[in-house]
């Protein structure tokens, strides 16, 4: 399929590469051109503007935050402007449910379609085409883009026609992970102060009823305090927790664990841990219990 | 092996039954005799007092709480009194780390050995001999009781000579589960208020990186709001959270998520949910978000 | 002094009236003209646009939220446009520190001066010219507007040249009050469930070391559960708590009590209490403890 | 009146001294005799046991915690044993509502009367006979001991016949103070990180609607970070917060702010601040926001 791809950061670049590998023809755009060049050597065409990347009628965006998406979509020479009538915008970014709703409406007014297809996974999963993709949008759009959605991940969940629902699922999923990180942080601090090796505890948990990869992988990182290099920085984790809380506020649904994590992540940033992996929220817990690391 | 078994409640009775099935000879004691009779028909001998159940030199206890253990161990005709010198007390109960430390010392003074061997699992796991057993105690004691520890569960983790460490692991493990319940409760309330079916969300999570049985089983219970019959009552969950917080207090390690869960469980009890399954902490979250159930 | 006044709501209208009473000549503007008419009969002149209210060189604004201020200041025919070079914008609204900083900069670029002068007090205090005014801004601006600041309140605190500092003080002050409300809510729920009359408790507290008007007034409202009519609605209180949390986030300073209050206020809104007085956060506490009101 | 006085610590000693000054005849008892000697030179008689201090039919106790009260009352040669039938036990200690209820019952069984009369105030207030006394107990007991209750404080509140109610009031009052400390801690951290002097903020608050002595005094301590010498140590504050939480648990009334304060105080103790004044919970807040003090 001919399609555009906008946003070639640590996640977007390997996603675009996997689309090319799967046989799609890409017109790419990135604010800083240099990041796009490697892909050109793999056959992608460089677009001068976001709008220019949309001419084929399908465009995927993978951007850092709400502001970046707003700028690329609503800005001059942006997606809204460049996408033909009937075209599809696939948004992979982790954005607020509020922005997602505004995107549905803006595209609808232009007779374009908006599909939210946020992904779970870190850059290594993006490279290996092992992302989990959760898509929601108009049935026609999903059908038309199916191969593109399957090319980037190992599992695709299509959950319905309401795009913001996919964003809510993404945020709720990140909340589950963040809550697990904070929980492990508190538990490990207790264990360390009680003279029990967290690695032993983790082995028991993972060896019995918490046999899930996130517990195993993050549990190891925390037990070994290996917060560098960051797979996903604490300050970005904080950004996501803010989105969760915004969604909770809009839905009038209190999320006290999210609030608590937010405070601890702010504390982490305040204490200079912002560039560590977001699992370093466990270090914040350790510091509060008087441990030095 | 000849051994005593004290405490034949919903957990203790099937554990004792599995010990008999595995070929052990049991002298059993329960405060209310009636519960012991079924086991007698399976070959167990009835002891008139806790002390009388200890004469074989090994005794296992599976009791409801600290008070029950204190009474059975320190009371008249209790375990301390009845266990011969060199004997082993295996404590399966979920008790405070503080009591565990006192038991180590009391048995040591009588030249007896104390082993903590708390178990993870609900009554159905106890019946199926599928418990997870975490044991800590003097090496000699562990070796001597190995077959008894293996007979009741599907996995045995021996973590060292310090008995209270096993109790800390048990409490930290329960904390992980309780935190997961609260987290799912908050996430599902958000999803429901946002018009997303929690069952779909759960399928995605369990189908990707939370492939663990506790997420799957408890997630279903919460998604279906099937809090009755209770596998483990909310008011007992609250009791366990109190033990976690007592351990955290003693170790001077703050556990804000435990505090938050405690408040929500108290709220649940106050609103008449105390006899529902402890996963009904998710209903407390739903009520706070204005949902009726 | 000749000056403009923009925003004639429940707070702004009586403030403007007191300025007229103190001898100032007002050119007023309100989005909906009808609210302005009463003041015209007291001698104020009606301006057709926000810009037109600024021609005298001093303008005060008292608006509902960030969005209203942004629209009135940055919008077409707005304050920025209408205020002469050297003019002063006095902002009485409760706004984010972030917007305050942007206003400093925007006015500076136009060679205008920005002063933040948020006020503490409810509509009855505004009517009685009994507000507490906290002002910060360029010394020249403060001096020039001194009489206008004194005309609306019973106490004026000038805290320095940095305008956003006054907004931070306002938000921190509201945080103190909100925290007191939540605290009284939790304490009264405990007392009620323990069979102690909160009114007795309040009398002791106010009669000993909490002899402050906010404790006395709000304490009575909560003890008597007299949440209507609302002096300040819960949903507006929630808006202010959001501003506090935004300030905390920007300053990288965790405020867990603010987070907790936010969640309880969201819960209150979700349970239909949004139009009650914000002290009804105490009802949320009561409901959580199983009380019906 | 002839009466006994048990417990001559930092609070009890000056209280006993003020009773003597007011004309009462005291038989005193303290576990360590040395502390009692100064009072003997002021006319008090030394009792060899707690029981011996009770013979006059009225005895006041002022002890450190539940354990001390249990030992002095229920122990050998204790108050229960020594108090004549019809005698009155005035308990000034800050104890759990649970123990208070047990004391009511134990004294009732011996046909003695129990009155709870906890006090608010630090040692300097005890010396100046400026304590706030909250009494509850059988009407006859209150009447009989009225002069003794008035001699130690500046204000006496009699709240009814149910002794534990006075303990609940004491705990709820301490909760109000602890919550104020945490609130000021969070607010001051925000102000400091925003470049606003907390002393200025405090002056505005105390100069407007928080004109209460606790805000003024504790506010100054926190603004100046003058946590030594401790008027009331953080580790004792933590003890009181535990009692509050125990009361909340018994009454099935969640108190999330108390939970939050408990975690922060545990964190303070873990970080070596346990012997500072309990207002140092504000330092915990500062450390979490990345400030060094």
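Residue numbering begins at 1 within each chain, and the chains themselves are lettered A, B, C and D in the order written.
By our rule, a contact is a pair of C-beta atoms (placed from the backbone, for glycine too) under 8 Å apart; a residue touches a chain by one contact, two chains touch by 3 or more.
Computed from a prediction, not measured in an experiment: that's the story for all the values here.
Relative to subunit D, the chain whose mean Cα position lies farthest away is A.
Counting the residue numbers used at the interface between subunit B and subunit C, over half appear in both copies, so the two copies meet with largely the same residues. One simple way to say how far apart two chains are is to compare their mean CA positions; for subunit C and subunit D this gives 38 Å.
Spacing of subunit A relative to subunit D, judged by their CA centroids, is 52 angstrom.
Of all residues in subunit A, those that touch two or more other chains are 193, 248, 252-256, 260, 263, 266-267, 270, 288-290. Subunit A makes touch with subunit D in their complex at residues 193, 256, 263, 266-267, 270-272, 288-290.
Listing the residues of subunit D that touch subunit C in their complex gives 97, 120, 132, 134, 155, 157, 159, 162, 164-165, 168-169, 172-173, 175-177, 179-180, 182-184, 186-187, 189-191, 193-196, 200-201, 203-205, 207-215, 247-248, 251-258, 260, 285, 288-290.
Against subunit D, in their complex, subunit B makes its touches with residues 242, 248-249, 252-256, 259-260, 262-264, 266-267, 269-270.
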